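Once you've had a glance at the structure underneath, I'll fire off some questions.
Chains: A, B, C and D, in written order; residue numbering restarts at 1 for each.
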Amino acid sequence: MSWNTFGRLFRFTTWGESHGPALGAVVDGCPPGLEISEEMIQPFLDARRPGQSKFTTQRNEADLVKILSGVFEGRTTGTPISLMIENTDQRSKDYSEVAKSYRPGHADYAYDAKYGFRDYRGGGRSSARETAARVAAGGVARLVIPEVRIVGYVSQIGDDRIDMANFDEAQIRANPFFCPDAEAAKRWEAIVDQARLDGSSIGAVVECVAYGVPAGWGAPLYAKLDSELAAAMMSINAVKGVEIGDGFAAATLRGEQNADAMRPGPDGRPLFEANHAGGIAGGISTGQPVVVRVAFKPTSSILIPVPTINNEGEAAEIRTKGRHDPCVGIRGVPVVEAMMALVLADQKLIDRGQVSAPRA
Amino acid sequence: MSWNTFGRLFRFTTWGESHGPALGAVVDGCPPGLEISEEMIQPFLDARRPGQSKFTTQRNEADLVKILSGVFEGRTTGTPISLMIENTDQRSKDYSEVAKSYRPGHADYAYDAKYGFRDYRGGGRSSARETAARVAAGGVARLVIPEVRIVGYVSQIGDDRIDMANFDEAQIRANPFFCPDAEAAKRWEAIVDQARLDGSSIGAVVECVAYGVPAGWGAPLYAKLDSELAAAMMSINAVKGVEIGDGFAAATLRGEQNADAMRPGPDGRPLFEANHAGGIAGGISTGQPVVVRVAFKPTSSILIPVPTINNEGEAAEIRTKGRHDPCVGIRGVPVVEAMMALVLADQKLIDRGQVSAPRA
Amino acid sequence: MSWNTFGRLFRFTTWGESHGPALGAVVDGCPPGLEISEEMIQPFLDARRPGQSKFTTQRNEADLVKILSGVFEGRTTGTPISLMIENTDQRSKDYSEVAKSYRPGHADYAYDAKYGFRDYRGGGRSSARETAARVAAGGVARLVIPEVRIVGYVSQIGDDRIDMANFDEAQIRANPFFCPDAEAAKRWEAIVDQARLDGSSIGAVVECVAYGVPAGWGAPLYAKLDSELAAAMMSINAVKGVEIGDGFAAATLRGEQNADAMRPGPDGRPLFEANHAGGIAGGISTGQPVVVRVAFKPTSSILIPVPTINNEGEAAEIRTKGRHDPCVGIRGVPVVEAMMALVLADQKLIDRGQVSAPRA
Amino acid sequence: MSWNTFGRLFRFTTWGESHGPALGAVVDGCPPGLEISEEMIQPFLDARRPGQSKFTTQRNEADLVKILSGVFEGRTTGTPISLMIENTDQRSKDYSEVAKSYRPGHADYAYDAKYGFRDYRGGGRSSARETAARVAAGGVARLVIPEVRIVGYVSQIGDDRIDMANFDEAQIRANPFFCPDAEAAKRWEAIVDQARLDGSSIGAVVECVAYGVPAGWGAPLYAKLDSELAAAMMSINAVKGVEIGDGFAAATLRGEQNADAMRPGPDGRPLFEANHAGGIAGGISTGQPVVVRVAFKPTSSILIPVPTINNEGEAAEIRTKGRHDPCVGIRGVPVVEAMMALVLADQKLIDRGQVSAPRA
């Protein structure tokens, strides 16, 4: 069974495979009257677009988004918004090897175990190309939360982390790594290029901060803001870990170290002395920046041969030829940003569903 | 708005506050004909029960579970199972300080911001007492997945990790820390006791492994097994991070290091040479053990005073008196196990919904 | 599999059987800050309470509702509201006949076919006693929609309809039939009593009107207000038909007869010349009264013997002894009202989820 | 807010407007391995296609369905199936009158009240063109339930009913009315033609029977088979009433008249002496044919002028020019059949989710 819808009030459903004619998303529950155009969504797809440097896959897709419904005279109507992106560079290469042997780390074996059957061309539905549809949906979500500014970046490749002292937001779009630390970006060129030349790949960590989220978003207990973010991020291809705020580092602290002490702020709202909590307490936003950290494993498609089995259960060895991202975490940045926007849009609408509460 | 139901086919809804008359869970979608009794569920609640050592809260609750519906002649009927646990030790202490001032790290400020209003007695709905209801529901979930064995334990307190060379499953229930490493358990006595004596608290990491999950559970893309586990774990009080398999460590690896190579197994199923993936690929179980790691922050309730603000937005200072767990991660073990069981039961039923697939 | 939750933002889950210790409902998604008490909900249960005349079942239940969670200092907190009603008059009669033979018209055979197993005491989960939990939940829903006044009544018993010329709202609570036409009520005494004396039963039609619903509630296309009402009403025991506005009579009309012509109203809102549509167009409320009509079949439990089969598939004959409503539609009135309130509360909250629309 | 997804395990989401470039459906949760092609779905769209006689709208649409995802080598893969139908005959007529004045009986006023804004071209999202997407999705649903045969037909136009003595299934596709009674079909020619010539329209009743549904489908209490069918049918444009089995006629009966007595059948399953219940008891199928009856109001678009108001709240009069079905119920037949298939496919999958029940 598959489940391709995410969200509670602001919902999106994605469809499409790596090598089908197109992929897309249907966004349902978007409020009416918002200005929207393909031009407002395209830049997010452009940021994710493959083939922009030697550090990402050489698949060449224009990834042009078309809006097929839900918009009238340049505004959302409140009805479902159908977004479609045509696949234009799905090469008809020889998939006979992938069809027969399971690529370790990929979904190949699991899909066969589940469905008894799989579309093996380019990974089919489990290809990261699906994330183009999420990014398009995320572009719509951003229209719902104009008060929020989302900043995503790569904070680590392999075991080389950025130095927060060098953090410069302007750098993020200035290098091929979405890296806010110009010095780290230079080092990463060598690291990622070496992985690429070795026919290997390398893992990465993406951080994402949402500024401007007011206190009060989050639906306890089983649609807590952090719970929804964890689900959203863990649903992205190659993601193996999610942290909110200090995350695993918080496990090493004592209570007084982890306390985000408060002081009176100028407008009646608190000033927090720290943000160990990543902007979320009890599953509800506190008004501080919402901070998420996401671990991407190294791309499973590598040229280095790996022992595996084939469809018949016999021993085999596989090298994954073709066009791949040597560091799939890099292009994960626009996807993480999109999932952040999608979760926040949903929580904002859920929150508006309240009718009688006086607000702090 | 609140959202207190979790699951898709096997669903549970919890209700209740720290200081109300009772709390409970309604489990809906449980298959019929399963043997069930209060005695089969009670041991899981006993494992979570407070007051069992000086390392956990001194609140003294029997936590006796009652089954109010859905069972006939000792078997589930397929109708909703209502589970209730009475609160018996909710002391009528003076809550005037907590009513007025926000405890940093707690949900106090966020709840007021969201609801304009909160039940401040013992944290109300945001109290970890709610997890008793989850543990009861988890006891029902285990009946649905008899093929699965779930083993949870504390793997780290503060920055002191267990040594996997010392791993002894029998130790887990033999010390007050759910610690599989007898030597680490000794060291933790001092660490946790010191935190307690200092009026402080300490963080922890809980690991949980599910053995016996067959290949094929998981509903891609937005109810992937790992995505559901991430949501489930992040919904637990005090959790700030979730990893599947190697988690954040995978971000530091190269592709060939992270590959879980396969070889033919005796029964046609693969033997994996490693389990970096934690038993999940493409959001679907691979037949390997499912491995989750969960970071708990230190308990926010500490005797050490912390600067804060009150309801009026004025500066204040708060010490959280009362009965608290110095290390909330310890009693997190039965809760993490319960959430694992609940997610797996749901995915098993979803998977059974398929009608025509031949199975690998 | 069972599905015992209804609603999207304002959701309730019921649990309990006819002969268990209790039954109840968990209401989730109720806005915070609403004044609430058991006394505010009890009158709705009292209206539905059995044993109040010879025209309803002689089962004697106090049906006292207890609020177990979600309320603090007399107001809703925004967290789940657990409502419980104890069963006090579930007699330990001999169920051996019902256990073995299927009562035609009842769920007996279907439950066995589905679950392989059933709680046969008093119909178990399929007993109309479950509707007590809905009525309690409906009492909470009414708090969410104070602008709406809901009026339900029996409009027909057997083939004897009320005369709308005699409609007197004050009459509804003045006779044992919830009948707004005093003359019809007199005739119905004879009809229902005859059915009772014959060991038979009789069908009925319940109408329910909601005044004060503003234009704009309803979530097209698959949670249209009329679609939600149809699902809600058809989920009630013994209901076999649902109409909105003119319903089946509309099928006999021509377009100009069915048009609800509009004229300018004093406050900019339209005055409608008729309400064939029952207050709903395109699945959205129009600001006119919302009108629903619900058909109840005759109670299936009758003393007149009916041919049937037993568990072994052998021929049998069954007479359903015990305490039954000779006309189950009568006590359907408070249930239909409750479902109306529950749907409207949900739609109101969904509607509030919108963020940017100017309102007509 | 809008809600454009229907179903629980087998789910579909529709999108698109009358005058946009295309409309479509995403079917999620379809089991893998089913044979599928565009040719297998097209006949259902052909049955619904406009412009096939003078008794339906003269809009001329090929309504060719394209499958964009979820299929590989002629079989479903278990991933979402995206279906698209291009709009080819959306004429650029003058909509200035409809843009300004509300058409009584249409969704115009309600949409404006809800969304503050509407796509007035051809009714936008509230156009019955959306049902093409449902019919396509229904074509996929039928693949999931090969054991079920669905027969829909018009049983009444205006107040002229078919004579069941004349029922001939072969007639249904032999006349432009989906009428199983050849004599009634002849009479209806005159009735519908007169309505058309008068610039008026006429209502109709559609009946739909599903043969072959086994006992045991249906998810009590709030996803009962009859409740789901009621929601499904009431979500169709112009529908104002739904009956299961005898429906409102059951309200006129006594218990012994309404009892579907059972006798032992040859294969251990019961033989029922009647089917007043329409194949559903307690919300669960009994193994008898499932019978639904659906009331369609007369098309609201008529040439006869009707008083109304305009956007400014001023008095106006409107005649709805353009291409319309004089009896929208006729083309409702394939839509009702599609909704029946969609509900049954969903319930079948839900039912399969059970794991341990022995089956009757």
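For this structure, a couple of remarks:
Please note the rule applied: a residue touches a chain if its C-beta (ideal position, glycine included) is under 8 Å from a C-beta of that chain, and two chains touch if they have at least 3 such contacts.
Treat the numbers as computed from the prediction; the structure is a model and nothing was measured.
Note on connectivity: the fewest steps through touching chains from chain A to chain D is 1.
When the C-beta pairs in contact are tallied for B-C and for A-C, the bigger tally goes to B-C. Averaged C-alpha coordinates put the centre of chain C at 26 Å from the centre of chain D.
Spacing of chain A relative to chain C, judged by their CA centroids, is 45 angstrom. Averaged Cα coordinates give chain B a centre that lies 38 Å from the centre of chain C. Each of residues 1-5, 9, 14, 29, 31-33, 78-79, 114-117, 125, 220, 349-350, 353-354, 357-358 in chain B touches at least two other chains.
Those residues of chain B lying in contact with chain C across their complex are 1-5, 9, 11, 13-17, 20-24, 26, 28-29, 31-33, 68-70, 72, 75, 77-82, 114-119, 121, 124-125, 349.
Across the complex, chain B is touched by residues 9, 29, 31-34, 78-79, 144, 220, 348-350, 352-358 of chain D. Residue ranges on chain B touching chain A, taken from their complex, read 1-6, 8, 14, 102, 104-117, 125-126, 130, 156, 158-159, 195, 198, 200-205, 214-224, 226-235, 239-248, 250-265, 268-270, 273, 276-278, 280-287, 295-302, 304, 306-309, 313-315, 329, 350-351, 353-354, 357-360.
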